[in-house]
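For reference, the structure I am asking about is given below.
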């Protein structure tokens, strides 16, 4: 039984390679996580275990896919960034998205019992969807990252106040919503402080800033690198020599993958870590 | 801190809605499963536990996504078919692919210990990639399904003979490969029978035919339906009335989701199950 | 000066091949034709010369691109249909659209002086834009064609009445618009007849039905062919033998390309001309 | 006769908007121009009338579409560049391509008799196809332009030598081809000079460099602008104020559109004309 008669169906597969020389962001989101969070009684406004689990799964994704240069997560979403010179899977959108979503999901399920030690998972299981978006310039990419971090800030300030009104203020959801309608950030800070003695600035960094994951090398001196400009000048993926590539692979493999809660909107974060935009591994810090 | 300054980055998201009135097949494949199978010492040529796990995960995908009308799996791959009238997620390719890949992966990890009771998973975890392809006509769709099932047959006959030569014939992989080079199906059947007393026809149906998953209703009499022609005449998704839709949803929810190992190349399979192509739930069989 | 250094820029070209086994419609539209029609004082509601020019240009497009099976035009738009088995330019959208738009424009400019004998063209010249759309089934394609012809009818009835009110009724545009607001077809017919003695049925067929262009063969007996069903059963382009292909090419080349003003909504038009959907040339009518 | 029944066919139209913040190049090519050139006895290796006609048509395209910042043409091809901030037609590929192809074709036909005064056009008429490609960075765009100009140089040197061997050297095409096989640029220069006394450097600039079309303003001093870097820093289309936009529109409209034969590979061309990359109109030169 030869298969040639049916093989024509392969011609219906359509290419989905993403435009070269653009930054690829794959963002994944939890599906139906409001319901899911209720089922497992996530703490409000932030469940430490749930965020740690997200970070642990994302860290594994970054570990297994060295083409990812940085990842940023908040709540039930995570964004993974491929350098604009990346040629993984020939930049096919469906391959990139499905691989990240699958790897992330696998670790989320696998690590669940580590973080939620007392509530085993049962069907329907948590799952994630994802999509890929291309950003042509460093500025566009950084604006994307800033967008997500500002969103984190806005949501967390709102949620912190909202749940304080409910948990400590005895309001119900409708009352809290009504009270917050039309308020500015300063108003919410004021409510938190005057009513509940909460100084928002002292809230955990992870809640206020989200989490950023990257390979860590020695910081460079401020003002010595213009990472963005250098990145823009790379018109196409330069093929490093074999020994260079080997060397880079080794340094990348040696680098520690860290989960931090830094401000990624300001220049400083990027300027002191030029490897994030250049895709050239930095110097491995000396152990102390 | 308003977010409006950065929100323009949403404009870089590009639509990926699939052409209406075409059958959507999402096929997922295990990533690096040769290595993975070795790590967990999968039995050759077919590991019953691994196939049962694939089927269990796929069955859950079909359960959670009622828009899937049929799924077909073999080895470490599974194809999920959405009816041409499906409008789930507005037919966005990345949503459809990532949701299926994520749900499948979640259950694969979750059910692992049920099927592999003695070998717990450890990183790197198994993962899957996927893609969506559109098929305009019933014939194209059936040819796709036939292509996968013929592939299953060809590979399984080869693998069965290859591993018999090694496991029972004492050959090494190179010798077995050399022996099989250029042979036809009849030759392989003959080797199996004369050398090892194996009648290929008696091999397990799951190995020979793969697995097909669908909602089960009462079979119709042969010759009473031309499901393909009826499907072709539907030019666009007809909006059923609310009560009709409710009724259909209930019948679909009541239907048993079965995992079978049928011939899906011949007409009979499709003609006796007109609901697969019409997307109208059939009659729930009476319990006995 | 070798060019290899810059040739990488070709990698930015992205494929745009249209899904196989779907009907391709390329529709072109006049750009800014309201202004253009004023500049050359087109007669209202229909300028015979302008429509004849459109038809002449479209006829040449059909002549030069034998892969087009049928074309339909009304006002300043024209739709060209490629058979679902068409593989011209590997079905690349930009190639198909640009070739049709360019060929059409060339003849529109070239033939202008034949139809507008007294008003030579001057910059800015008329131009057209276009796009390609895929239709998976015969029903979708026919519904597309019907959509355009119904649109023709609705617009022409409106315009005929509107301009009668102005040209014969002495109204200005605002008054005519106001009078027609909310009227049904029957109302407009009544206005035409009672006020101006115009029986809409007696209006020129070209104005009422638009123009349809195709290769003409001998009509088949009604009821002997189900062209749609036959077309649906073709799953993929069948490669005819060389002699068959030669024969078909010759018959196609011999066929007269006609411009008619038929009802293309009803089945009869399609059933008696099975070659339109089958893409197999019919019988050349005997000369008389 | 309402049209709502058929209107669903609009849902099959799929968006083709090009990625924001990327340079769009629409390149058009003559279809079957080898044959066409023979039909009208184009002079070899370069027909002055044909090139002038190409330039005249392209100049009109640039005139009618102010969003085009620069165009480059050679032989029967022309590339039109839209600034990365361009939002014309919402950046829909088919609209951009078809509009350019149609406008170009219209003028090519219209101006034919101006340049080919003695050979009127007859069917089949010349036509063009086209496609759009996105380039994310200024470097990519300039490399694209360089690629075309290097191609022009390579082809023209070859053709000049080839036709000299035939027209003055009495060879036939096969002999000339054989003689040139494997030769380098220096060899061809040498053949031209030693055999025919032709100094390639003295050939017409248009033949050696192709033609570049742009709006002309006052040149800036070398070294005062880094147009590329400034362009890269624009992350998104900045909306100018209404008065600014009006002012820019006026200056753009006043600017002379010139056809030159400059070296567009070297930096100088771009550095002295910062408006090409910035999309901000320069200073209108004083009339003298």
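Going in written order, the chains are labelled A, B, C and D, and every chain counts its residues from 1.
One rule holds for everything that comes next: contacts are C-beta pairs under 8 Å (C-beta built on N, C-alpha and C of every residue); 3 or more make two chains touch, one makes a residue touch a chain.
A quick map from chain label to UniProt name: A, B, C, D = tRNA(His) guanylyltransferase.
The structure presented is a predicted model; accordingly, all values stated were derived computationally and were not measured.
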{"item": "Interchain contact steps from chain A (tRNA(His) guanylyltransferase) to chain C (tRNA(His) guanylyltransferase) (minimum; 1 if touching)", "value": "1"}
{"item": "Rotation, 0 to 180 degrees and nearest 5, that superposes chain A (tRNA(His) guanylyltransferase) on copy chain B (tRNA(His) guanylyltransferase) via CA atoms", "value": "180"}
{"item": "Chain pair with more C-beta contacts, A-D versus C-D", "value": "C-D"}
{"item": "Distance from chain D (tRNA(His) guanylyltransferase) to chain C (tRNA(His) guanylyltransferase) - Cα centre to Cα centre, in angstrom", "value": "32"}
{"item": "Chain centre separation in whole Å, for chain D (tRNA(His) guanylyltransferase) relative to chain A (tRNA(His) guanylyltransferase) (CA means)", "value": "43"}
{"item": "Where chain B (tRNA(His) guanylyltransferase) touches two or more other chains, by residue", "value": "8, 12, 14, 19-21, 134, 140, 143, 236"}
{"item": "Touching residues (chain side chain B (tRNA(His) guanylyltransferase), partner chain C (tRNA(His) guanylyltransferase)) in the complex", "value": "19-22, 84, 134, 136-137, 139-140, 143, 229, 232-233, 235-236"}
{"item": "Interface residues, chain A (tRNA(His) guanylyltransferase) side, partner chain C (tRNA(His) guanylyltransferase) - complex", "value": "8, 11-12, 14-15, 17, 19-21, 236"}
{"item": "Chain D (tRNA(His) guanylyltransferase) residues touching chain C (tRNA(His) guanylyltransferase) - in the complex, by the definition given at the top", "value": "1-3, 5-9, 12-14, 16, 28, 31, 60, 64, 92-95, 97-99, 101-110, 121, 123-135, 140, 143-144, 146-147, 150-151, 153-154, 185"}
